[in-house]
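Here come two complexes built around chain A, the first alongside chain B, the second alongside chain C.
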Partner chain A sequence: MKKNALLFSIMLITMLLLSGCWNYREIDKLAIVSGLAIDKNAQGDQFLLTAEIIDLKETMTQSKIASRKIEAKGESIFDAMRNMIKISAKKLYWSHAKAIVVSKDVATQDIVSIVDWISRDHEARITLNLFVSKEQTASELLFQQSVTTDIRSFEMEDMLMGNRSLSKAPNVKVYEFMNDLSEEGISGILPALGITMNMDEKTAELSGTAVFKKEKFIGFLDEEDSKFLLFVKDKIKGGVYTIKVEEESPNEIITLEIFKNKTKITPVYNNDILSIMISTTTEVAIEEQNTTNNYIDEEGRKKLISIAEKTLEQDVENTIKKVQQDFGSDIFGFGRIVKAEMPSLWKTMDKKWDTIFKDLEVHVNSEIKIKNSSLTSAPLKVGD
Partner chain B sequence: MKKEIISSKQAVMMILMFMIGSTLVIGGSSTAKQDAGIAIFLSICMAFPIFFIYARLLQLFPNKNLFDIIEQVFGKFIGKIMIVLFSWYFFHLGALVLRNITEFVQIVSFPETPQFFVAFCIGILLIYMIYSGLEVLGRFIEFILPIILVVIISTIAISLGKSNVTNLKPMLYNGWQPILKTSFLLLTFPFAETIIFTTIFDSLPAKTNPYKIYFLSLLMGGFLLLVIALRNILVLGTSNIFNHYFPTYSAVLVISIGKFLERIEIIVSIVFILSSFVKTNLCLLGASIGFSKIFHFDDYRQITAPLCFLMLMLSFILYHSVMEIFEWLEIYPYYAIFFQVILPVLLLIVAEIKTRLSMTKKGSPS
Partner chain C sequence: MITIMTPARNYTLSTSLQKNVEIIKEIFLNDDTLIHRPFENQRNPDLKCCIFYIDGMIDANIINKNIIVPITRNPVLKAEGNIINHLQYQIITSNEIQKTNDTNQLVTAIISGDTVLFVEGFPEALIINTKGWKTRSITEPVSERVLRGSREGFTESIIMNLSMIRRKIQTPDLKFEFLVLGNQTQTKACICYIDGIVNKKILTELYQRLENFNLDGALGINYIQECIKDHPLSPFKTTGNTERPDIVAAKLLEGRIALILDGTPVAMTVPYLFLEYFQSNEDYYLNFYFASIGRLLRILGFIITTSVPAIYLALVTFHQELIPTPLILSISAARQDVPFPSILELIILLTTFEILREAGTRIPTYIGQALSIVGALVLGQAAVQARFVSAPIVIVVALTGITGLMVPSLSGVAILSRASLLLLSALLGLYGYTFGVTAWLIHLFRIHSFGVPFTLDLTSFHLQDLKDTAIRAPWWYMKYRPKQITFNRRRIKSD
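Let's look at the complex of A and B:
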């Protein structure tokens, strides 16, 4: 009897414990945020936040998701986020947020506070994607028509994932950006988003790289330059590389698909002069050619390879020069590599690295391996 | 009362669990930055002589626990003082570990739940566990540790894809001083905290070699901590680790394979909670045995429940905020080294002299 009473009371207590958490939140009581756009007002003293929330519409037969937007103002980012409750009535849930778009103004002034909030808040994840808007505001990007999914922010993330086989924008997660910001000898980069026309409708487009110097945004790199930036950073996973083979006929274009790339960067210190050696090894396939010249047989291949290597070297060097002259910001992380490989040398130059970087000599040495020419063994023959 | 027996395999597993306990949660190797690996290696080397002391004590007095040894070596009065000191240390350590884990749970998942509630649930389990006895604890660990190891090793394997070797370089950029400081911290937290096992290893079967248990678990536990620290640096980078309270948690947070294998950090939180639970459990057990020795209880279980609640209370008043936990880590080594090294060395010296003397007394025919 006594044992039964004990058992009964234990069961009662467990019932109390199992019935729920202290501050449980049901899914229908949450406003699930998928993305966020951060702007500043004209005076520059308040943040304007636009959050995209997922609206769950469930009927008996199917469930549909749609996106809704909430706007709020605040002195700080967290303040503005909490102010959204005034409109949404539900507390916003950030764990499923995939993308945060910031305007140029915010990127110039307040990127630190954004990164700080993301790394500090227990709901926001450090694997979020940050974008810089090329347009006037960041919020307009959230209002464009989406093409493949209903949720704008999810599509932004998908664009970055799909970018693996395009390589025209860097895929930088917040924690990687944080590292770049706080390490010496490397500057941060973020993917940039712009608006383009698709079937007569405006839609958002991934376009190039936003370049930072210390914690300030200073400018955009275009898509082609972003590709060569990714070559230097050894982040190429795929993509397309077009070359003009014959100098006399500039219309002849051969398109190579990149399959693999390995980049090695070695700092060289000779006669008191620091220079950087970059060597890339790229595996490609011939995907398209608009001539009938044969570049598949051995002779043609050799020619193609030597020209492709030369143009790639040229292109990478041009991009590096452009960054050195236009931005003067070491987004390639050369300083970080010098620090890693030659720590004692780095200690003498870490203070004046900005000026050293501007005139840094960089040599590129490319190697291209053609692994196949897809399904065709010879170029198309045009008969009479 | 029947004597409880644990196997030597369970003993090794216990020490392993104990070592990864709260060390996994709050790390502790961030001051060494990219040289954390060297720091951990050094602290393992430093732990060897200290583990030798503990094992030697156990070998000199087989089937006796730390408190019996103290009483036998120092006699009633000084012995009592030392037992009080050691019991206080175990009690305090348990409260520290408990606070770490409740703080972690609050920050990571339940920001609005009072810490008292989390601590209370763990406390009830602690009492239940100790009432069930050491053998149950041993079997529990034998069951749970393989799961924990699988989780840890698989998360390490998965996250290696995101690693960046440049994060480990340059070595020794900031000189030896931060490395030595970190290795000293790691020596006292967690390696030398295993002094606590001298209180329960009288439950090992006779003729077990304590050296083997201590050194084997040191190598395995040290290796595990080393690999985890290296993984954190490789994946997150040193500045991220420096910024985050719970680097191991953050490193797992980053894992994302395809789009289906992500958000697995909750599994790692469970590992944190389980291992810290075992660590607190052992601390409470050590403290119970010590205090029951002082007050001449027949069974340490009689004092477990009140001690457990006192431990909960202590864990609430220890710190005001999570910041203070990390500030305390600066002071902790100097506090702990007294219990972990100075007192045991003193004990061993006196014990060696006493046993030598009694040996010669017995050996020489008078």
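Let's look at the complex of A and C:
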């Protein structure tokens, strides 16, 4: 009896100990990585990794955070990462990394290995933000001047967060991108980063969408198109929509602030022809107008609404057409909707969806609700 | 009635006063506090008497005015007939007087402050109540101060303590049963309960356990508590103690039993449940919202004081990914150039805090300020500035220390559980911490106090059971007394 109890407790203890992680490591022995840029060398056989590491200095009165870069080469991404230890001395710690920027080359050839590493490694998070660089290399984005924080990669993440009220680039986390890659009837998109001038210094900026076809990057959508892409994908959380009201006076612009948007996509199959119906319902407010015409009273408002609805329909349709013609990649996920709503029909067309998508007929029906005109109830009066 | 088992020596009283005096002197050999005072009637010197008492235990006024004066000055008293009865019933003016020939009883009486009177020619003696010794006056207990409750606290005198309880519960159902504990000390103890509410099973159980109490002394209530505990090795106490008569009265009303011990101002109550640690008598005197918040804070404080060092260690050394990024940056910055690993830092600082606390409890108050300056400035600020320890550790230890003071009676448990959880955390991270918590919970849920589960009602889903647990329900809602402690559960008179 006693022997059994002893045996049992030994088994229990080993079981408990072996199932845990023996990984006591002090926080100051880790090099906390904030972001990563992935390039390829000219020959295209080696990865060039540039990691941004947070450099911590604490003085008696204040602690200062700065960033430091480490560069390494390797045959694979993981190989290159481990090679960084040669330089950093400390083991790199990936759990707090916020952004990974890849160059166009890497996005075209190796996006799968990156996504694979992120989902496989226990440190890197699948809520990371992946960006595609519009510039020659990805690493140069890490070397630009930062505006709000000293850590370039944190700022990249913040840009995406701030984009909620701008809606000019898609906020796609790695796991969402993975889902899009693996599913039928939808292609992946990632936010794109470019370099712009700010106060005579180069700085990184969020600029539009990188479009993928299957696992290959094929091109960029600009910022305006990105907004209408988000309209179709029902990802609009805010943003600004400017419209020209009068045909004859193109300088008259009314700026609407978008508060809420709901998009519904329904596939219609009629007479052997598949078409897609998109209906958007958008709640907006009049935020700015550069005319003194009254668009707040009932008559003006009706006119404004009908014009706004018409332009929005036009804009969305143009964007869809552009994607159909330029990329032929179903980044809107129409195929997925068809698969979900008409599974038997999808079975007949899943093999040739690429060609069907290119000529797919899409109708947009927009509804705009003007919630308010902010704090004024009448347009500004300009006297003599 | 008190029955005392004195060292079993059989003496028989004789008719000779001389011999009786010698017997008593022999029993109290080498005890110089025993005073014997022979005297005679002034008119009739044949009436020889002798009294025995112990110096300091008696009220000299009573002996002078009520025993010596009536016997010596009485002009008609004669040494004939049954004079001892005459003395007992007509001469001595005392509220309590008893005749006996049992030497054991005489010795007990002398020890407890009574005076024993021998009369020439009788093999008997009178025991006269002359108790009167200096006691501390009633003050508010230092360790259990309240804002709105009574300011009374128990004293070292059992009779005074009982009178305080009696004044609060004026029903003949309130029973006081005396017994004597401690083979040598012969300490008086009293079991109090309210007949009709008390659970008889628990009462019998208490008596049985007290019968097995065999120590030579019972100088404090803890002598008894440790001996009659359900789980002798558990750090949790399954008997409660308090210095306040209002708490004892409240517990009696819930069906609990109190044990008052002579010589200590601390009373014991049983059964004692885990949640009573977090209850304060103040809870019942304040508004129930406020009382509930206070109680929740105390529970939270206990959780924090046991867990925060372990969780901090697990996060910082095992699960860095769980810390928000800005926080990990500042922790990491603070830890640069600190020589010791986090676990060692924590152990050193936690020990230092306990040392400061222990030093603080035993020193006179006027040194306390110096101690806190040394503790706060030298150990806290200077150690961080000199980079001996990192600043977050000081914050963690300070939080642990302050929350540990919220429930002082649990501080022993808190230190033990904190240390064990910390070590497990250092070994296995949050995984180890979870194991530690599980082990503690298993222990907590399996112990009993006098047959009542220690964690009674903790897992209940009935509102009436939960009314006095983590929150304190309004008085009008507490219709029932806690189950299992009593079978007479209705507290509010039914209409």
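As a convention for this text, the second predicted complex is superposed on the first by the 361 of 384 C-alpha atoms of A that agree within 3 Å, B and C clash if a C-alpha of one lies under 4 Å from a C-alpha of the other, contacts with A are read in each partner's own complex, and residues count from 1 in each chain.
Criterion: contacts are C-beta pairs under 8 Å (C-beta built on N, C-alpha and C of every residue); 3 or more make two chains touch, one makes a residue touch a chain.
Remember, predicted model here, so these are calculated numbers, not experimental data.
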Chain B versus chain C as contact partner of A:I32, first or second or both or neither: second
Chain B versus chain C as contact partner of A:Y93, first or second or both or neither: second
Chain B versus chain C as contact partner of A:Y24, first or second or both or neither: second
Which superposed partner A:I65 touches (first chain B, second chain C, both, neither): second
Which superposed partner A:R336 touches (first chain B, second chain C, both, neither): first
First, second, both or neither for A:L7, with chain B first and chain C second: neither
First, second, both or neither for A:I54, with chain B first and chain C second: second
Residues of chain A that lie at the interface with chain B and also at the interface with chain C: 17, 21-23, 125
Chain A residues touching chain C - in the complex, by the definition given at the top: 16-17, 19-28, 30, 32, 54, 56-58, 60, 63, 65, 93, 95-96, 98, 123, 125, 154
Complex contact set, residues of chain B against chain A: 107-114, 117, 121, 166, 169-170, 172-173, 236-240, 243-244, 250, 253-254, 256, 259, 262
Chain B partner contacts - residues on chain A that touch it in the complex: 17, 21-23, 119, 122, 125-127, 161, 173, 175-176, 178-179, 182-183, 333, 336-337, 339-341, 343, 346
Residues on chain C engaged by chain A in the complex (per definition of touch): 316-318, 320-321, 325, 328-336, 338, 341-342, 385, 426, 428-429, 431-432, 435
